Structures are given as structure tokens and as C-alpha cells.
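The structures considered in this document are given below.
Next, two complexes with subunit A in common: one pairs it with subunit B, the other with subunit C.
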Partner chain A sequence: MLRRVSSLWVLGLMLVVLTILAAVSGSIRMTTLATTIAERADAELAVRNSLISSLERYTEAGAQGDVPVAAKPGSMGFSVTSAYAAMPAAPLAPLAIGVGDLLPYYYRLDAHAAYTLVQGGEIENPLNLRVGGFDVAFVMVFLLPIIVIALTYDIMSREKELGVLALIGAQGVRLSTFIAAKVIARGALIALMIVGSNAMAIAAAVYMGAEWHFGAAALWVAIAVLYGLAWFALAVLINALGFSSSTNGVVLANIWLVFVIVIPAIVKLAATTLYPAPSRVALTTELREAATEADERAAEAREAYMFDHPEMVEGDVDQEIFFRQVALSEQDIAASIAPQLEAFEAQAERQAALMKWLKFSSPALLANDAFAALAGADRAYHAAFRAAVLEYHQRWQAFFLEPLMREQLLTAEDWANLPAFDYQPPRRYLPNSAINLPLVVLLVLGVALVAAGLAKYRRYSHI
Partner chain B sequence: MIRIVAAKEFTLLRRDPRVRLTAAILVIMLLVALVSAVARYQDVSQERAAAQEIINEQWNNQGEKNPHAAAHYGIYAIRPVTPLSFFETGVTAYSGVSIWLEAHRRNLPGGRPADDDTAAGRASELTGAYTLQVLLPLFIVLLAFQAFAGEREQGTLRQLLGTGVPAHALLLGKALGISAAVGLVIGPVLLLALVALLLTPGGLAEFPQALLMMLSYVAYGAIFLFLSLAISARMSSSQSALVALLAFWAVSSFVLPRFTSDLSSWLYPLPTSVQFERAIAEDLETGIDGVSAAERINERREQTLKLYKVEREADLPINFQGLIFSLQEELDAQVFGKHFNRLFNLMASQQSLYGIVSLASPRMAVELASMEWAGTSVSSQRDFADHAEVFRRDFIEVLNQDLTFNSTAGSTDYRSGPELWNKVGPYEYPGTDLGTVLSRSAPFMLVLVLWLVGSALSAWLAVRNLKVSV
Partner chain C sequence: MLEAVDLVKHYGKHEALKGLNLQVQPGEIYCLLGANGAGKTTTINLFLDFIHPTAGKATVNGINVAEDPVGSKRYLAYIPEQVMLYGSLTGLENLRYFSRLGSHDHSDEEYRRLLVEAGLDPAAADKPVSAYSKGMRQKVGVAIALAKEAKALLLDEPTSGLDPKASNEFSALLLKLRDAGAAILMTSHDLFRAKDTGTRIGIMREGVLLDELIGKDVSHADLEKIYLGHMAE
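This part shows the complex of A and B:
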């Protein structure tokens, strides 16, 4: 009994320590991201504001002499200034990395066409990307089942092996009462461990700067508890089959292997084999083809050499002519590669649609997706952000292209109307099917396992 | 004596239904991984080769152009794939496959395959290497955890020791019996994989790497075998042996790698892309040694005018603009070299942290070695980036020299054609040579050897001091 109690403490403490460690690590990561982008956006703003004030001074002085650069929409839009659109972090962002280290968390946009916004994520060591980060979602999805199994794999078989069950029978205590008491007590302890460790992780994240959101936090804990208890119910059920403790251990290890490792790997392979992403390399060559054709058309009006070297073209007006041609060429290129870009989107959507169903093959996938959705670290959260960025890019681009095409100069008043990025990500968690479906399925799974266990234990014998 | 112990162990395992479940999972995963690797290799290698061919054609057929316009047009270097890289995918999904080689700029590889795959699940990948790294040890643990502890529980250990069988014979017998069971399960699949490799175009060239890789997995399996036997001999019950071994497997295979990933980012933070670009831009502006490019160009102008004994640029028999381009490339290359090397060195430091932690995790050691063998490591990606950069510098220099010596100042209408384009390329990436691969994998192989010696020794000590009850 003493050994039991101490292993409960050790494993419980391990869960708490790992969870908090993961939350702290995630929080540090989020802080770094936020400060990096804020610094850059501030620097950008400072440059732009100083250029705008020189335009103001120029206008006040009666518009004498060289036109300041802030008045030229082409130069400003295409080379001097740009906007940073950063993805607002979800409240639980430090708890799950998801695809957060893979996809860009900000875009730097200028007056160039939207297809130039294909930049990848941050500079990262590909080895770290492959291994994945140590986040709370990993601790819950991957390690929590192991800890639950370690605490439960011999819950009844051990009692039987030690002869406790026979003793209980001899003392006149009903076996079902004993089993129910033992299972409920152990289950409650495990649930308490899960609630406690996640609550501490969320508290650590909030302390380190994450936003507090009760609904999100409650759903996170609920998913963790349901997922952990489903594994607990499974282990209790396996115990009802009457194998020896070590057989229980082997069987449970295999089940863990199948649901946490094998099925996710097969699902990933299935999705990428059935709907492989189109070739980026082929897109590169097509983009190049389109650019060459557009360049050739543009070169009829302008020397290609000048095209590559705007700095070699003398005079103010020429710069703007050059950028006008860049804009026209890019519209040309954008139109010709639109079908290829759409093919990427369409295939990604097909993969996502397939994954939506395939993830029901493993509770680990379900929990993982729900955690990622709660932390704003899934593809859907990013897709919504990217759509907002593309919409913002249209407004930003129009701000420069409209005067450029009309051969007008920008005034200081125009700059007051520079489009701003004011995207607010959706905060509705429960209507999100990536969260509510796993919640329901895990609950049903847990209830089903408990029911199966009850049926089995009805025929459970003392020896 | 060894044979009898081995035969008994093997027969017992063959009759254990629990073993069959894990064996079936292992074999199915290996087979699926193998089939999908063969299929994907065909597709991806053709796709990459075709793309490089199109790019080389686009380059040769770009028509008459000013050489510097051609330098801006540039070439794409595409990283080809090798058969082994589908057995151990390593970092390939997370590293760019193509680099745009152009004038004035050194670009990072772009187009990471992982960016386009919606399928989640970073941790698990259905490849041969992943299956061996993760499932093989579990299989061995499940085969071996009862070897001594089980006999102890059933009381047969007393009889066994009573026969007077020497410790080394007992250990070797058990080890051989279990190895036979493991070999029977995965041996045929691995042989099949080797045959598939030989039948694949380009497979023969990678055969030595493949054999070394197999060897490292054999060592890896042996480590877990001896560890399991050692623990089984020391623990009072097979149940506690199982829990201890599973805990070690889970922590060393899953927790430590991810932990190292985070730790490496804390200890050796990489610059963000914004910081990286800004640092390069600053150095390009001020000059790497504080002497600006403009000053250097003026210096070179004076020298050139003096050399040709003329007063004005326009009187030079060469195009001074071409010389400026060459000089700029030279200066820029120093700046790019400094920052790219700094970045790559930081990644190398991060990787060496993985190497250090692998002292506590055989999985990490075998994974790191295996990525080197397959040419899918971070260092092999650096080789590609460095190789492409050398090519970039060379071909831009060819174009700049053409501009310098075949045109004169201010002749912006100068045009070159296919003869010049044909002097450049086609771009071909040869991959990392075997010697380099060997030396890079050596530290990880050493870690594996240390583990092997350590685990064998601990098993021998445990068996020599075998107690009937603990």
C-alpha cells in the first residue's frame, strides 16, 4: 500500500512539474514573438512618420524644391514603407504550439501583389520543427495516458494477486462495493491531478502575460479531464478481463501505442497520400514562366535593364513610371498563376475535410485538435487570420496604387487615412466543431467504457 | 548450454499471444512505411528532377539579354531526393527544397513541404526509421521484461540457477532467444527494404549508408535488449520491471527530444527573420569592416583608371560597371557568409545539444546518426545551401566578367546570348560525400557504442549477481 501511495505521489508530481514547465516554456515563446514583432512595427512606424512630417513641412513651406518621397505613392508603397500584420494570440496560446511554429504569425505587406505574401514561417531549426515543442498539449495527449495507465494497470489485478479480494470476501464486504469504492477513489484522484496540473499551467501562463478567459480555460480543463478519464476507464475495463498485472500492462501499452502513435501516423499518411499537396517546386517554375512573359510584355515599354535597376533611372518621374509598370506586371502575373495558387488551397481544403473525419479514429487526435483549436494554434485560426491579412492587403495596396495609377501625389492629409489592421479573432469556443465534437465524443467514449466495465465487473470473481 | 537457454526462451515467446499483437503492429507499420516510401520516392524524385530541368531550360532559353539582367533573373537550385531519405525523412519536411540564386542577394531555402500539409501530428510519422526508433524498443521490452523476473515469480529461477549454468551462458542464451524472435519478425521486412533499395535507381550508391544504418539499428535493438535483461534480473516482479522499462522508453524517446527542442531554443536563440534581414542590411550598408561599399568602389575606380592610364571611366576599354558588380558581390558575399554561417552555427550548436542529451536517450542517438546516413540532417541541409551559394557566386561572376570585358561604359544596350548562358550550369547537387557523413555520424555512433557497452555490462553484472528472490 505504501508503495502504491508513493508512486501516486511521484507520478502526480511529475505531471504537475512537466505541465508547468511546458506552460512556462510556451509563455516565454509567446513573449518573444510579441516583442519581436512590436519592435519591428515601431521602427517601421517611426520611419514612416518622419517621412510624413517632412512632407508636412514641405507643404507648409509652399511646395518648393524636390518633392519629398512621402508624396510618391510608388516609392512609398513598393520600396520605402510596409505594414506588419501580426496574429493576435488566443488566451491559451502558450499551452499548445500546434502549427504555430510552422505558419507565419505575422505578415509584412507592401504594395506588391498578394502572391508575394507566400512567405513561410519564422526562421527555425528544422530539427526543432521535426521534434516538436514541449507544450502542455503534448504532456496531456501523450504523457497523461502513460501516467494514468501506470496508476491503473493493476488496480484490481494486484488486489487479486495479493489475495486482498479473497480477504475482502471473507470479511463480508460486497465485492461490488469494494470495486466501486476503489475505482471511484482512484478516478477522483486522477481527475483532481489533471484539474490541478492544468489549472496551475493556465495560472502560470496568465501570470506570464497570457489573457485570462474563463470559457477557454474551463473547456481546456474539461477536455483534459475527459481524455484522462477515458484512459482511466479503459484501464479499469482491461482489469475486469481478469489477466495478470503484467499482461494488463502489456495490453495497455499496446493500446496506447495504437491510438497515440500508430493511428495518427497512418491518418497523416492517408491524408497526404490521398490528397498530396501540389508541387511547390512546379509552382516556382510556373511563377517564373509567368513573370518572364509579363516582363516581356512590360519590356516593350521599358528597358529590362532599367527594370532591374530603378536606382539607375534618373529623375523623379521615372521612378513612379517604373513602379506603375511593376504594378501592372504583377497584376498580369497574379492573373496567370491564380489557378495554381487555387489548386494549393483546394487540396489543403480536401486534406482538412478528410482529417475532420479521420481524427475520430483516435481520442489522441481528437484531444490534440481540440487543444490546438482552444489555443488558436490550428490551421483554422491561422486561415481566418490570413484571410483578414489578405483583405487588409487589398486596402493597403489600393492606398498606394490608386494615386499611382492616376499619376497623383500623396498629401499629408491622405496619410491620415492609411488603412490599419484591426483584426479581432473569433472568441466563440463552444460553437467550434473542433472543440465541441471532441468534448462530446470523449464524454460518450468515457461513458461507454465505464458501462462496459460495469458489465464486466458484474461477473468478476474473487480469485 | 547457451543453445538450450536460447531455444527455451524462443519457444516461450513464440507461444505468448501478447507478443503477437506488438509484432503484428510492428510488421504492418514497417510494410506500410516501405510501400509508401517506394511510391513517394518515384513521385518526388521525378518531380524534382523535372523541375530542375525546366529551370535549366528556362535559363538557357531566356533569349538575348544584358548579362546583369540575366543575373537578376537567376537560377533556382533544387534539392534532389535520395531513396534513403524516404526511409528516414529527417528534417526534409521542415526544410526548404529550393533556393533562388540571384544577383546581390543570398536567399534561404524556400518551400517547406510541411507548410502545405494540413495533416496534424508532428510527432508521429510513418517511416521505416521512425517505426524502428519507437516501436522496436517497445517490442523488445515486451519480449524481455519477464526473462528473469518472470522465472523468479514462477519459482523456476531457483531450478535454473540450481543447474549451475554460468552467468554469461544464461545471459547470452536469453539474449539470443529474444534476438531470434525479434529477427524473425523484422528481419524479413528489413531484407525486403534492402532489396527495394537495390532495385531503386540511385539505390546502389546509398547501399553503404543503408548497411551502416541497419547496423546502428541492430546496436539500438541490442541496447534495449540488454537494458531489459538487466532490469528484469534486478527487479522483484516482472510487473515492476515492465513499468521501469516503459517509463525509461517513454521518457527517453518522447519527453527528452521535445525537451531538448525547447532547451536548445533557450540556450541558442536563433534570430527572427526580421532581425536576420536587418543585421545583413546594416552590414551591407556600413561594410563588414566599417569601410563602406562606396569607398571601396572609389578605391577600385582609382586603381583601374591608373592601371589603364586614363582619366575618365568613359575612356576605359572595359565596362567599369561590371567591375563594380563583381566587387559588390565580393563584399556582399562576406556579409552573407558572416550572417548565414552564424545562423547555421547556431543551428549546429542546437544540434550538438541534442547530441549531449542523447547520452541519456539511445533513441536520440540513433535518430541523429540515422539522419546523417540518410542525408536528411540539418548539416546536410546546410551542405545544400552552401553548395548552392558557391554556384551562385561562380555564375554571377561569369556574367559580371562578360559585362566587364565585352562591353564598355554606359553601353546599357549590350546583350549576351545562349553561348554565355550555356557556360553556366546546369545546376546539379551531388549530395554530401560518404567521408563527411561518416565523420558527422561518428559522435552519435560513439554514444550508441557507449550505451551498448554500458547496457551489456549492467546486464552481465545483474545476471552474475542473480538472486532467487529480491
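This part shows the complex of A and C:
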């Protein structure tokens, strides 16, 4: 029977092609990001190493002549050198972008204060931000339900419309047995399609450089199968209500629209309305005012310094003095805008906490969050990375500011102790509530819908 | 083989069948005649357990249909007015599918033989049913009954809409099945065909079996006169 239903093969093939295409696209994206950051980091390292070499030559030559820039912590830390802290990719990173197009996946660090990190430019194609990313999670969350609905909207209504149910009923097979067999066969086929397409997508991503992790891959496929089967179960239930195939199609299309588009939009709106982020204008204004005040204080200090050192008034002011002043000014600015930044963080936390519960209002949100968590593209993964970056930034900044404030020069030996970013991201899968809760809820939802459908089919008629 | 005992069926306040009693023996064709709404199709549906009786019982080979629908259907075959099949499958594939649903499996050679026995052109067996005429689909329906080796056949206006030649072929097939020992209950509006094929003829009106005639003992003209007389009452 199934081999004659050409739509099965067409839609199955479409799912496989779209999934693999998304996996390849995601892999290319990840590779491009990694390559771009590596190239920038390598260029930085080359410049730094070259300057350190000149410092070594200067030291070997008995420290004669002008002091090389590599010995000046202020110039090096604030102006010349920087570090790239890139987020290590999770094993399934190419499969889901998640919040990766909103939150930074790398930071460029220097000796400036931490608040300047958020103002760093992204190596990002603005088009991606406008149109969103095409990834396997998108195919699963948005397109898979459409494919499942197309394969299932007439699973029983077709038989009724063809008029074959009477002949089937006369063959001595219980209608409930026939329906159960048909539901199991079609469900198994859909599950097989989902397993196959996702397995191929994961294989493609691994082939293109993603890390293989059996647990993560198995959980990804399990979420996809349970999500697809929840939609299948819904279609089975709608068929049991006895409408025509076209009515079933319209009803299911509307349910898709509500759960995949409308509810997620309402949830996002609710989060931003209940816990609105503080005004960016207010933050910018506060930042400017704090900077102006800090500049004024710096000017006063500079005047006082010049009063004590009149020989420097007409001369070239030492840049290290300037960078010491910058460091002190940034400390003042950081203290001034800390309440605003904390307010932003607090509201973002509240929004995330609300979303954590509101995601249960739609299977699409549940699946999307689980996919993002598995691919290391959720807020938790990014937050852990950001915390590690801030800690790293403190060490990096201290490397330059401590000698700068003590008015010391850096030696070639000091550079051997330049802090490195050796962050290992958290690998939590099944104990992770972002993954196991959606797994359980999708399973319960699917079973409940099938049970409701089969209960309805008890009153299904042959005629 | 087929028996209705005080069979009653109400649809809400409407009494579709008012205490029907009839028996169909093996080797007998019982034709039920009556206007639309007389209760003919309701009777067939009660024997198939598609609907449940309000009172009384329908039995197939002594099995109460309402109590053991699956068991009773082991002996039953059903050919509706329109034999609806899967249009994308061939006649042979439809026959195989429906036979397997009834747990009857045969070789493809046997299925082809049954289709030919049912009167289908051998060349048509491998063509999609969507290209079949109504008569050809009826023949596949008969082949399904033959494959099941059914002891009782329920036919709901099977010749309605068939051309005279196809109708005649179908009647010949029924006589063959009757001679093989099948008990056949057939509803019809076709008095001529009922007289020619029916061993007994029942006339129904408004859920009541008004009259029962022996097919060979009544002429076409008399049957028409009796039928119209009952309808005018």
C-alpha cells in the first residue's frame, strides 16, 4: 500500500534533502566562524610575537636606546595587542544556531574595562541577522510538522472518502485493529524518516568537522522523533473527529500556525512586556555622562601632574601616563554604569526565567530549546562562556594594569606568563532540564494525543 | 445461514426496522424489494454489524452478529452498490489486500484465476482500478467474496447502475454462487432481476416485511402487480 503513495517518497526525500542542506550550511557557517577567528587571532599573535622579539633583542643589547613598545604595559594592553576568546563549539553546534545569532560567540579582549566588551564589533554577516539562520533545528521545528501533516491529514478520512471502510469492515477485521495497524505503520514510517534524515545530517556535520558525541546525537534524534510523532498523533486525533480530508488539512494547518508561529511570538512578547529591558538610550546617556565626568577628573589630575612636572608641559607626554589615566577613568565609568548594566542583566534573567516556563505552552518552543541546548546554542551555554570570558578578561587586564599602575616595564620573561583562555564548556545532556523535560513532555503529549485519538476511533463508523 | 429474529432498529424517533424476521438458507438467493427508506440497507448493515440493533438479533451461521462481529464475518462477504476500491492499486492488488485483511492468503495465480472466475478480463487484472468501470469493480468485489470462500453474501443493490449486459453477467455469477451453496441476501429495486435470480422475494415497506414470494412461482407481471399493490397501501 505504502509504496504506491508517491507523496510519502516525495516528502521523505524533501525532508532528507532539507536536513542535509541545513547541516551542510551549518557546518560551513561554523567552519567559517572558526577560520575567521583563528585568522584574526593568528594575526594578533604574529604582531605580538614580533614585538616581543624586538624586546628580547633590546634586552640582549643591554637595554640601550628607545624602550620597545612591548615593554610598555599601557600601550600594549590598551592599544597594540588583544586576545580572542572564542566559544568552543559543542558536538552538534552546526545543527542549531539558537541564540548564536544574538549573543557573541567570541570576544576580543584588551586592557580596557569589561563594559567595553559589549561594544566590540562582531564578525558577522548582517544579512544573517536580518533573515535568520537556516539550520537543522529550523527544519525540524518549522518544516517537519508541515511534512508530517501532509503525510497524515487524511490517514483515515481518505478511506472514508474512498468508501473502502465498508468493504474493510466486511472482511472480519475490527475497525480498531485496522486503524491501529495503519497508525502504527504510518507512525513507524515517519519515525524512520526523521531518524534517517537526522542521522544523515549528523553524519554530514561530523564529516565536515563537527565533534562526534553519541549521547548528544541520540538525544537530538530522540527529540526530533518525539516532536514529529507529537504532530503525527495530533493528526491522528483530528482524523478521528470525522471531518473531511480538506477540513482536517485546514484545521491542522491552523494548529501549526498557532503553535509554531503565534504562541512563540506571544511568549516572546509576554517576556519583553512583563520584564522590559531598561532603555538603551538611558544606558548610553549614563555612559556618556560618566565618561564626561571621568574625562573632567582626568583633566584635573593631568593639570595637577603638569603643575608638579612643568618640564613636560611643552614635551611629548608619556603614553603610559595617558593609559594609566584611561584605566582610572574606566574604573569610574564602570562604577557609574554598573547599576544600569546590572538592571539589564537582571531583566534578562527574569525574561529567561519566564521563558523557561512559558516554553511549555508550545511543543515547538520545547523542541527548539532542547535542540539549542544540545547544540550548545542556548543561553545557558553562552552564559557559561561569558562568565569564563569575564574571568579571563580580569586576568588579561591584570597582566597589563598591575605593571602599568606600578609604573613598571614588561620584560620578555613576563610575556611568557600572558594568560591563556583554556575554557572547557559544560557537557551536560540528560541531567540537563532543558533537554530531559522536553523529552518527557513531548513523549507524554504524543501518548496522550494517540490515546485520545484511539478513544475517539471507538465511535468511528464504517459507513 | 442468515437469520433475522424480531430485528428492530430505531434512528432516534424514526423506526427504520420494525421487528423483521427472515431466514436465508444455503443455496438460496433472497431478494429484498422495496422503495427507498423501506429498511433494506438497514437490514444489510445490521447483518454486517455496521449498526447495532435496537432489539432482536441478526445471526450468521448461528452466530449473533452483535455479540461476535468478527466471528460472524468469517462466513460473510459483502458487495455494496458501489464497490469502492483503492484506485491507485490494480485489481489484483486490491484483491490481495482485502483478502489478506480477512486473513485469506492465496498465490497470485489463484487471485488471477478468481478474478477471471468473477468475469474480469485477464488483461485488466494489472491495470489500476481507477480506470475500471462500475461493472469491473463489482467483479473484483465478487472475486474478494470468492477468495474468502464466503458461505453467505450480502449484496446491497449490486446491479444498480450496471448496463444490461453487465447486469446479466452479474446475475449469472450469483446463480453460480448459489449453486455452489452460498446463502445470498440481496436488496434491489430491479423487479425483473429479482424474479430471475431470487429463490425467494421479500417486499418491504417502512421497516416491515409485507410479503414473501417464491421466485419461480410468480411471473414478472404478477410480481410487478403485487409490488405496486403493496406500495399503494
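A few points about this structure:
As a convention for this text, the second predicted complex is superposed on the first by the 435 of 463 C-alpha atoms of A that agree within 3 Å, B and C clash if a C-alpha of one lies under 4 Å from a C-alpha of the other, contacts with A are read in each partner's own complex, and residues count from 1 in each chain.
Note that in this section a residue touches a chain if its C-beta (ideal position, glycine included) is under 8 Å from a C-beta of that chain, and two chains touch if they have at least 3 such contacts.
Please read all numbers here as calculations on a predicted model, not as lab measurements.
In the superposed model, A:Q171 makes contact with subunit C only, not with subunit B. Once the two complexes are laid over each other on the shared chain, residue contacts for A:S461 go to subunit C alone; subunit B is not touched. Of the two partner chains placed by the overlay, only subunit B lies in contact with A:I28; subunit C stays clear of it. Put subunit B and subunit C next to each other and count what each touches on subunit A; the higher total goes to B. By the touch criterion stated above, A:G163 is placed in contact with subunit C alone, subunit B being left untouched.
By the touch criterion defined above, A:V250 reaches subunit B but does not reach subunit C. Subunit C contributes residues 45, 48-51, 69-70, 73-74, 76-78, 80, 82-89, 97-99, 101-103, 141, 144, 148, 154 to its touches with subunit A in the complex.
Of all residues in subunit B, only 18, 21-22, 25, 29, 32, 36, 39-40, 43, 47-48, 50-51, 54-55, 58, 62, 65-66, 68-69, 72-73, 76, 78, 90-91, 93-98, 108, 110-126, 130, 134-135, 138, 142, 145-146, 150, 237-239, 242-243, 246-247, 250, 254-255, 257-262, 264-266, 269-276, 343, 346-347, 350-351, 354, 377-378, 381, 412 touch subunit A in the complex they form. Every residue of subunit A that touches subunit C in the complex is listed here, in rising order: 1, 4-5, 162-164, 166-174, 178, 461-463. Listed in rising order, the residues of subunit A touching subunit B in the complex are 18, 25, 28-29, 32, 36-37, 40, 98-99, 102-103, 108, 120-134, 138, 142-143, 146, 150, 154, 245-247, 249-251, 253-254, 257-258, 260-262, 264-269, 271-273, 276-282, 284-285, 288-289, 292, 303-309, 344, 347-348, 351-352, 355, 359, 365, 368-369, 372, 378-379.
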